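Next, two complexes with chain A in common: one pairs it with chain B, the other with chain C.
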Partner chain A sequence: MNSTGPPTARPSAVLWSIMDDVSSQPASPELTSPVKASRGLGRLTLDVRQDLSPWKQAVFVGGSLLVGLAISVAILAAAGIAPLTLASELAGVMTAESLRGVLVQAAPLILVGLGASLAFRIGFWNLGLEGQMIFGGIFASAISIDDIGPASVRLVLMGSAAAIGGALWVLLTLFLKIRFRVNEIIATLLLNYVAINFLFHLLYGAWQDAKTAFPQSTPFRPFERLTDIGHGVNSGLLVAIAGVLVAGWLMHLSRIGFYTRFVSANPRMAKIAGVPLQALTVWIIAASGACAGLAGFVNIASQEGRLTQSFANGYVFSGVLIAFLSRNDPIVVPVVGFLIAVLFITGQTLQVFYQIPFTMVQMIEAIIVMAVASSEFLIRHRIRWIR
Partner chain B sequence: MGDFLINWIANVPVTAVPYALAALGLIISERSGVLNLTAEGLMLIGALAGAGSCLMLGGHPAVALLVAMIAASLVSLLFAVLVVVLRINQVIAGLSMVFFCQGLTGLIGTLAHWQNKQLTGLADLRIWPLSEIPVIGRILFMQDPVVYLTILIFFVVNLVLFRTMPGLRLRAVGENPAASDAAGISVALHRVVAIVAGSSLIGLAGGYISVVNVKLWVTGMVGGRGWIAVALVVFARWAPWPAMWGALLFGCIEALIPHIAAAGIRVPQYLMLMTPYLATIAVMIWVGAKDRGSSREPGALGQPHVREERR
Partner chain C sequence: MVPALQLANIRKSFDGVLALEGASFESQAGQVHALLGENGAGKSSLMNVAAGLYAPDAGSIKVGGLACSLSGPADARSHGIGMVHQHFKLVKPFSIAENVLLANRRPHFSSGIKDIRAAIRKQANELKFDIDPDRQVDALTVAEQQQVEIIKVLVGGVNILILDEPTAVLTDAEAEGLLEIVRRLARSGTAVVLVTHKLQEVKRYADVVTIMRGGKTVASLDPRSATTDQLTELTVGQTVPLPARTPHQGGPTRLNVGALRYARGDGRVMLNKTSFYVRAGEIYGIAGVSGNGQAELAEALIGAITPASGEIWVDTTGDISRAGDAKRREAAIAAIPADRYAFALAGSLSLADNFAVAHIRSGRYGGVALANRAAMRREASTAIKEYDVQGVRSVNQKASLLSGGNAQKLVIAREFSRHPNVVVAHSPSRGLDARACAAVHERLIAARERGAAIVLISEDLDEILSLSDRIGVMTKGVIVGEFDRPADRQAIGRAMVDHG
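Right, the complex of A and B next:
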């Protein structure tokens, strides 16, 4: 679909070909007539742009982002949150007290964002981030519940187990894709439901907290929880930043990153040129799942301190959004991740104080993705009004 | 054992209808070349609109189902604008639509206090005297009207898609938009109509779940059935009748779950609830293992059409 061909001619065409078609009966091929006779109001036409300066691109992306946010604010206003209230809640999130919460929340979001962007880079729609988080959480909790390893290295063991759990869960889909050509979009999404039912099976069964009889595991011991690195921020953020650095190094500096760009540009060419396609895919996808698994571990070992029913809720699309807005660049992921963390914390505040359901966060995320994706159209096409 | 079987099989059409209608709606839109992942979201819209209008408009199930269809069609216009006019990547657009609808329905359902309110539902149609035939009467001739309507819809859609000029044009647009365009067929018009028409059926599927089957609105109640419908379309190779058989298969599995528990067979509940998803994956594996080569998917599936872009 890329308009890489030489610009032989620039024929105009009708954007609203619906209008056009209705009014031009019987239908006549009108391929070569660039301008039709004007009928009163004129009409919209569409040109393909060859390129656009980065500044203008930024204006289009920023503009559509603003439109998306405006729509979100309007919907919230309709739901009973006046824009001023929203502004004051946002300002509240930005205070030092809440900013800790944002940083704690940012860690798992950055990790799922990394997971998504790694997979998207190699053209694999990993939409099973929630399932991988759940299995990361389950593997980490298993280490805690079965009391494996000495206390001093317990956290490292739990983290490693979580990474392995997430990686195994996504590799299952990759195997199905390679071996049976199963579409990974549907498979990963369906496996989320399988994972969540398995989590319920554990939490309403063998792993249920005997003391409270709530569907949660027993709380982790103090040495199984992420340590405080000062100001109430825990080491989960360090895990996330380490992930960013490793992924950034992999994608920008190492040979693997070069191979990945090659494969995503042209898989057949890459294969012919001797890129180890299969091994590369397996490792990148495993890393993607491991990131999501680590996100699950960071989430349960910091905020909750135990395995809960809903610790992975709302992370799939957050991961997609973070990867999409950062253009799959690991170095940009923490910036977007931080902003989405602000959105998460604001959403939690609105849920507690204004009874706005947390799914609102997903809706705003979706609006942002739609708006920014739409700007792509304006970047690549010029709309003109012809009389 | 006999009772168990009859009760189970008699319930299959009710659980199969949402799959069948949603898959058919997806087939209509994908035949026009639009990769449609929106089913899960639009089914939620249909389910919420159906439940809401049942509560607000006096509880007529027929009105509720109609409102569900209209609501899903209206929301699908947004998807149509995104993929047909703005030519956004259809996977991104579809996913965004699903999560947008999840958020929106959660918001409206909670703020309007439609959660967990009992709905009247739809009475079964007794096709007397056929309904008095033992066993078969209960299974085939004592279902609600939508079950029979679904079969009728399948006949009509099959006829329109494969035996009429508009259907031919729609499929042509899905196979080769550039050639269709050159032949004077409006790609955008056919795609928009296909999306909206298909989405009305998806909305009906969602409305059926809340109004007729569960008789409640619960946030996120569609629970992955939309994704199963997407898989069903691949399984059915974009043809209506195979989609119907696939829907019956998933209906069998889903209908079995409550009956297993009711029959006193002790199977862990949550492992039981995984079965529809695992079965879907199993079916996809089977499809992948069976035919290497032709998947019969529409030629231009997922490709936006911009007339002036050269390839």
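Right, the complex of A and C next:
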């Protein structure tokens, strides 16, 4: 291959030593070649890092996050919202009344974030969180509509049904993956559309509210709603916190979590070393779908009070973002989920008072996802300028 | 006449392990020069030095009589040295012309690709290759991909062409055709280096042969004047006296492999009715030139791949060739794979985790609900001391930070502390220094004394000869011959190459 620059004596000793390092490591050899990108000014080289302290990693992630936020602020400013206005709106969200709304919003976000992080932990790219939410919602609503079980345990039944619905919907893609080698990214994403059209089919058909003729189910009965439990905290948040605790225990303390780390670190080796790979994969992915299904249930049983057309809109993005920012750690998920809820509520305010479309919130989420994803590159590579 | 390429006293080490030492090599324009040796003898390493991929630690390189240092493959190319690697370097979704363009850049794509197409047609005509520059590499057979690789190098204008094991991936007829072309290229003035371990090819097509053993070049001679036995002896070395030890007791059959068959994704049959048995307290060595199904055999035995048919019978559990996770664990097969980081360790996880993963099911570290990390760390550090794993600062450090030999000791510590019934070891001493190598061999002997059935797959004939009670020679996925201890080194060497 002809290099783009003038013929040079030899790359730096550092590069060679790193190439040797890597050749003895399992890292992909493609990453070892130096990237040369200049004439005369010196050379930009990429080295693969062996290790980076958690502190420096945090600095890179935090820095990228700030860059992403700065871009978002700039875009909002261009759309007519001065940074000062934005700051005062954000402060407004923190008042007691708005905070209640934030916490109600946080519950499904946390659950959907848990769903994403569980699946991502074993390298299954579950982008069907919305579809699983929808099926969670449909299963929960079916319990209400068919009036199944006594009133005292109705919420438990609805929650369980939602978890099962979400799990079944995601296991369908796992089946496709194992049986027909269908890539799960595509299968989960496209099955979202199947789910939403099935939801429309129900809401424009059998489950349409007879009184109003709107495409939504009849409202849930009072004992089918997740209500406030005092201090402005909705019981949906309790479901989310319970999910966080269970997932945190599973991943950090139990044997399941121990195995899970091997599945993501080296699945071939895990199988040989006796990790029950298949069973583990099925159960973790089912749990991921169950979390998303529960998010659907919490959303309709706390906010909407009935099955609506759009209750799951935009959640797949949020779920991926939360998992990304929390580095798939269930214990960090609620913190990030809360921040995203603040973003959601602020976005709603901006929508009402400043005519900013809600897609702007999704765009900001996307910018943050990209910013954090780029930080991953900096964590894995060192960029050097050699003259 | 000035040699086209001259390598003198080359030394190269990786991570402290010496791959080349005192390796010298000279090739003349107009000749096919074979580089012969066993696997791991350093043939590819030496040629990678010539192709600019490795910078030697010591030694000199002269091209056309002028000393030079090669900074990379591009630099080597500018000196007229081109190499066709054993593993092709092609971008599969791209067309042939695009691949050739990638390696031979032109200032403008649209005019460049036309230029390249013409150059490919011209080269293909000269070599009598039937190649359409616009076909996608994906759609090509392995032999055609190799032709593309050769054209890719020739379009750049080389006068020293290095072919690394070019016939390993070809059928016999394809190989013959290729070697004829190689000879024609040499006659037209190119210096051709043919890296190979096949004696027949050397005798039929090479003008000169240089033989490597253990990272050194041991002889250069005219292959037509030497006998096959002489070449074999130079390649595998002199017979060394075997260490004394307790004779084999002849226990019951513990492992029986019957008519194992496995084909790779590309359709190549790697295991073809492979059959052998191993008794309790016996080390069964499998010798052979690498690439003849040894890797697949090891992977099938340890459960990394599932054979298409045949059986892997273990006395305690019956056939496990297609068994699930639970039954495999019950069979208690210790796995010491050749590629530690691919099959035996999770490099990004800690030493303690890597040690504990094989034992956690026993309940030694608490139940399913609570994994006792402290107990894992305790047992791991005990085992690390017992098995003399060096370079450990803490059991919490990543496994990828261990050097090759110590990583291997960690794997052995984990696998042997399960008291295995059957041990499958593939090249267990690859990349290890003498001390670590001896320690690994000691452990294998100890497991044998305890009554385990041991399958030792190795390309290192010395290792096989010094450890095995019985030796099977594997060629093209078949055990072609079996030898009892003490086995005749020359006979085994012949069995290995005769069928190749």
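Remarks
Quick note on the criterion: the second predicted complex is superposed on the first by the 322 of 387 C-alpha atoms of A that agree within 3 Å, B and C clash if a C-alpha of one lies under 4 Å from a C-alpha of the other, contacts with A are read in each partner's own complex, and residues count from 1 in each chain.
To be clear about the criterion, contacts are C-beta pairs under 8 Å (C-beta built on N, C-alpha and C of every residue); 3 or more make two chains touch, one makes a residue touch a chain.
Not measured: the values here are computed from a predicted model.
When both complexes are overlaid on chain A, the residue A:R255 reaches chain C alone and has no touch with chain B. When the two complexes are overlaid on their common chain A, residue A:F338 makes contact with neither chain B nor chain C. By the touch criterion defined above, A:Y354 lies against neither chain B nor chain C after alignment on the C-alpha atoms of chain A. Once the two structures are superposed, chain B and chain C can be ranked by residues of chain A touched, with B on top.
Of the two partner chains placed by the overlay, only chain C lies in contact with A:R268; chain B stays clear of it. Of the two partner chains placed around the shared chain by superposition, neither chain B nor chain C is touched by A:W283. Of the two partner chains, chain B is the only one that A:W125 touches; chain C does not reach it.
Contacts of A:A373 after superposition on the shared chain: chain B is touched, whereas chain C is not.
When the two structures are aligned on the shared chain, A:H201 is found in touch with chain B, with no touch to chain C.
Overlap of the chain B and chain C interfaces on chain A: residues 1, 3, 8, 10-11, 16, 20.
Considering their complex, residues 1, 3, 5, 8, 10-13, 15-18, 20-22, 27-29, 31, 46-48, 75, 79-80, 125, 127, 176, 179-183, 185-187, 189-191, 193-194, 197-198, 200-201, 204-205, 317, 320, 324, 355-357, 359-367, 369-370, 373-374, 376-377, 381 of chain A touch chain B. Every residue of chain C that touches chain A in the complex is listed here, in rising order: 14-15, 55, 69, 71-75, 77-78, 102-105, 302-304, 324-326, 328-329, 335, 337, 341-349, 353, 356-358, 360-361, 365-371, 398, 400-401, 404. Of all the residues in chain B, the ones that touch chain A in their complex are 37, 78, 82, 85-89, 91-93, 95-100, 102-107, 110-111, 181-189, 192, 219-220, 223-224, 227-228, 230-231, 234, 268-271, 273-274, 277-278, 280-281, 284-285, 288-289, 292, 303-304, 306-311. If you check the complex, the residues on chain A that touch chain C are 1-4, 7-11, 16, 20, 23-26, 50-51, 253-259, 261-262, 265-266, 268-279.
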